[in-house]
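Please find one structure pasted underneath; my questions will follow.
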Amino acid sequence: MDTSLVLQNLFTPPVLFFFLGVIAVLVGSDLEIPAPLPKLFSLYLLLAIGFKGGLELQHSGISGPVLPTISAAMLMSLLVPLYSFAVLRLRFDGFNAAAIAATYGSISAVTFITAESFLDTQHLPHDGFMVAALALMESPAIIVGLLLVKLATPRGEAAAESGSEAFQWKQVLHEALLNGSVFLLVGSLVVGFLTAANSPMSAEKMLPFTDKLFYGALSFFLLDMGLVAAQRLRDLRQAGSFLIGFSLLMPLFNALLGALIARGLGLDAGNGLLFVVLCASASYIAVPAAMRMTVPEANPSLYISTALGLTFPFNIIVGIPLYMALVRQVLP
Amino acid sequence: MKRVDLILSERELDTVLRAIDQAGSTGYTVTKHVTGRGPRGAVSEGMDFSGLGANAHVIVFCEPEVLEPLRQAVKPLLAYYGGVGYVSEASPL
Amino acid sequence: MDTSLVLQNLFTPPVLFFFLGVIAVLVGSDLEIPAPLPKLFSLYLLLAIGFKGGLELQHSGISGPVLPTISAAMLMSLLVPLYSFAVLRLRFDGFNAAAIAATYGSISAVTFITAESFLDTQHLPHDGFMVAALALMESPAIIVGLLLVKLATPRGEAAAESGSEAFQWKQVLHEALLNGSVFLLVGSLVVGFLTAANSPMSAEKMLPFTDKLFYGALSFFLLDMGLVAAQRLRDLRQAGSFLIGFSLLMPLFNALLGALIARGLGLDAGNGLLFVVLCASASYIAVPAAMRMTVPEANPSLYISTALGLTFPFNIIVGIPLYMALVRQVLP
Amino acid sequence: MKRVDLILSERELDTVLRAIDQAGSTGYTVTKHVTGRGPRGAVSEGMDFSGLGANAHVIVFCEPEVLEPLRQAVKPLLAYYGGVGYVSEASPL
Amino acid sequence: MKRVDLILSERELDTVLRAIDQAGSTGYTVTKHVTGRGPRGAVSEGMDFSGLGANAHVIVFCEPEVLEPLRQAVKPLLAYYGGVGYVSEASPL
Amino acid sequence: MDTSLVLQNLFTPPVLFFFLGVIAVLVGSDLEIPAPLPKLFSLYLLLAIGFKGGLELQHSGISGPVLPTISAAMLMSLLVPLYSFAVLRLRFDGFNAAAIAATYGSISAVTFITAESFLDTQHLPHDGFMVAALALMESPAIIVGLLLVKLATPRGEAAAESGSEAFQWKQVLHEALLNGSVFLLVGSLVVGFLTAANSPMSAEKMLPFTDKLFYGALSFFLLDMGLVAAQRLRDLRQAGSFLIGFSLLMPLFNALLGALIARGLGLDAGNGLLFVVLCASASYIAVPAAMRMTVPEANPSLYISTALGLTFPFNIIVGIPLYMALVRQVLP
């Protein structure tokens, strides 16, 4: 593998600021970005990525690989939790296994964004419909997570026996489809799409905010993510080596599968990398929110710490360049 | 009069506030972005942006009669989702 | 009327994001922009609009239609509450009627800003002195609001009978003139004016912040305004159809009057539209703050919900293009 | 010792804090951006940016003597502008 | 059960939380960005960005046994750095 | 002295907005920028100044006056507290004297930034290594502050007599070296340095955020600083005329000394001014944080009010142009 790719990724402001945040926690600095400032950046990034994706989607149109790619992405968000669950059941009860599995079926928008920035530094083009794929991978993973609880836990069995419906499907679907971050991402995509179609001039006027500022805001936010991820690392001692292994190997496996599918879809290198990153990343926003509500029996520090404390840093630092090398190997 | 302090995840806040209304309280006060530690682990400010969110602290000043319906509505929520609830004495200023 | 104007206004990011916020509330998404982030955007918008207005005012100078327009605007902010009060007294007590009336005499800075953005997409010029008019319409409305309470409510009568002064005029004038948002708007106007006069180069250096970013920040803020306005809509059931009718018809009447005055002042289409928007919009920041303090007998959810839950969305979505059509008709 | 909890609009906060000082308290603690519901309707986070603002929660630990002047200074404000005040017992740690 | 309210500078918060853990409490709740006035002067929101920071309000519901070790751990900190601590009665909802 | 320099400084947006904040407090406006928004701006400014300093440092290299200047700056941050302490002991006990003295040994990043902006309007170049000097002046001042307590206060004597170690040096060094603002500044400098060396293209992509936005964000932040400084002014009545005199004269003396050292170092006018500003400014972030923790016997309202309520406004408004005139006189 090309180690220069790793270095090219490493020495960019987003990744360096992420490191800075991690180091701050490790050395015990009192640097902090108080709430709700991180929320400002996470809302901004979702809005900006959605809006830009919508503009591009309008320009490229919904044809060629668009629908197959989105369908494949949604399929992966159903599939990944299934085999993740099988692996996790070796060590965890059904509740925890289901919650962690759902996390890995879904995606991390920040990882996706960082991969896009990486592609830009590599001068590799990528398309707006990948943002649509990103947006549509959250909900299926949440639904499959709850299905797993229903089919394979005592709560599910109790409900089945008594014939009652222990599961508030309405609540689950609500969380899956109307979760704030999913809603903002999809909504901004639609706004971008409509704007590009009807008022190109006003789309232009958005760019200083949604485009020019983006890279700096991402770097600032990754500083905070470094702080948070490093704080989560501590929880992982509790998690044990099985989960640590899972959180590093499962992304690799998902990436491999994703690369093969990307090849089957005929994606180019840019979109291929993004597809792989979607498969390999895990959610620490929408899915934990839904799991907390619908599977309170699971321990949040398990599912959020794996996704945020290990898989996220791994993907940001070595995963993205690694997947790039993989994509170059696998795609024709 | 009674004073009830409830501390729970922001995600269950709306449900709990509805329960307080239905129990017949004349009002309540909410502080959000509260953190803490309890039997189910720590809730830190760093996670405020994530899906887990922070805690909310709800204060209810109410007549003793309100206590029982409040308890019945809120206790199952706290038991299922986590959080604590305590009662103490208070008299109007 | 030209429906294409409505569509041209509708499919711009500020209005679309406003809709997105409204929809989020209607479908029950948990999307929220936590305090004090909306405050950041509202402070930013006031600072930026004031500063830019100051720059332009310096370039255009204080001559021609400047003083007459500002005077007319202030007159309207005295006049509108008077006839609004007369109408509102048909249904409400003096306290509530006075508070709502004051609200409609004053202005909504965000509606004004959205109208400016609309003009930009229409390539219609407008002038900095309109920002001065904007800034100077808050205080008179507040003062007239309290005068109405004094003249036409039991509290006023009691005070008159006993010969005592039940009204803390000092406090009212303080609120009217030194209210944070009025102060920031006027202050930024002065800063912009002085900067343009003395240090054009440093004025230039402000533009990426005050100018380039503006449209995106406005869109972000309108997302929040959509959330808030939709939440307020619920309160309006309580308000009843009289108030709903008032909140939609009164702006139209004020707009018509405003258009006639704009014609009398000889304003061009751009400034004309802004003048009409000032007349037609209602305040949900400075005036409610003052009314809460000086007329606590009035019910805040009445005056703020009408201004924010109905008049504001109406103006943003259909009002602005409608007034544009009106201005084109009325101005020579 | 007494513990006094006052919940009122942020807009009256300065006036109330002055009253607390004048009543002879050794101190107070304030949490702003607090929301809630009371007889005069709801105060929501969404309105924090608007002119209405949010609520403030004021806690005063004081000697019993301070209670009476505090009550006299604060009660009219609460009655006129809205807000609640409650007293309970507390002893120093 | 007992309810302990501690109000202290955010800068000493971590030390105090560790002391609460060691005293054997099952949990605590923290509100940050709190302001106030005490014998050592005022802590205002305007200084939140500066090195002085704001106050934190810590609430601990605990068994009476926890009180004594808590007192021993926390009182010296409050005495040295400033801040107040009060105890009152509370019973589970 | 050239009064036109004062006016050139005065009529720039940062200084005018600072004034606006001061006036808001003086006239009693309720304008406020609620926490944690000011923190957002202060974090942003540290990140941006550090990053830009790092880029420049990479381009200029570490040679010529770089190391001598940084060493001289650090020396001044040790020296200033020593003679300040001697002066302050005339009126204050050892604790308060040490805490105030440490404050003056350290620096105010915002004053430095405002001086940089002033230089830009004067078209005078300055170098990235000055940011390194800025970053390295915080820690020594904190350490010397505690040494003064150890050597010259009852606590120090008690500890010496009993042979015990009353001073938690670990804690002090931790505060001195890992304080959040020092850490962010140094860290961003390193990030900028590494980015410039390894990925110039991604450095470029940061500029809209770190560079273009900077002047406006500084102006916004100075509005808040004006509010805060004016609130602090009230505390100063308590402080008395000795401390007021100190807070105005000590910066002048430090500036004079700094100008002579700058001459000795052979700095040009731009870097010379920045060096003088470092000497003349006082810390209200890192040092108060450390003093509160390590010298709780001192009264925070004394040391923070002098630094923030008097020295800071003095430097921003008249100090910078005054020091510019001084630098022009002293440097060859």
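Note that the chains are named A, B, C, D, E and F in the order they appear, and that numbering of residues resets to 1 at the start of each chain.
Rule of thumb we're sticking to: a residue touches a chain if its C-beta (ideal position, glycine included) is under 8 Å from a C-beta of that chain, and two chains touch if they have at least 3 such contacts.
None of these values were measured; they are calculated from a predicted model.
Counting only chains that touch, the fewest steps needed to get from subunit B to subunit F is 2. In this assembly, E is the chain whose CA centroid lies farthest from the centroid of subunit C.
Look at the contact of subunit A with subunit F and you find different residues on each copy: under half of the numbers used there are shared. Using CA-based centroids throughout, the chain positioned farthest away from subunit F is B.
For this pair, subunit A with subunit E, the centres built from the Cα atoms lie 38 Å apart. For the pair subunit E and subunit F, the distance between mean C-alpha positions equals 32 Å.
Our note on geometry: subunit B versus subunit D, Cα centroid distance of 20 Å, whole angstroms. Separation between the centroids of subunit C and subunit F, computed from CA atoms only, is 41 Å.
Contact with two or more other chains is made by residues 31-33, 45, 88-89 of subunit D.
Shown for subunit F are the residues that touch two or more other chains, namely 32, 34-36, 39-40, 179, 181, 208, 212-213. Those residues of subunit C whose C-beta lies close enough to touch subunit A in the complex are 7-8, 11-13, 16-17, 20, 23-24, 27-37, 40, 117, 120-121, 208, 212-213, 215-217, 219-220, 223. Remark: subunit D residues 9, 11-12, 33, 40-42, 44-54, 80-82 touch subunit C in the complex. Residues 32, 34-36, 38-39, 42, 179, 181, 224, 227-228, 231, 283-290, 292-293, 296, 299-301, 304, 308 of subunit C are the ones that touch subunit D when the two sit in their complex.
Across the complex, subunit D is touched by residues 1, 3, 17, 21, 26-32, 59, 61, 88-93 of subunit B.
By the touch criterion given at the top, residues 4-7, 31, 33-39, 45, 55, 57, 70-71, 74-75, 78, 84-89 of subunit D touch subunit B in their complex.
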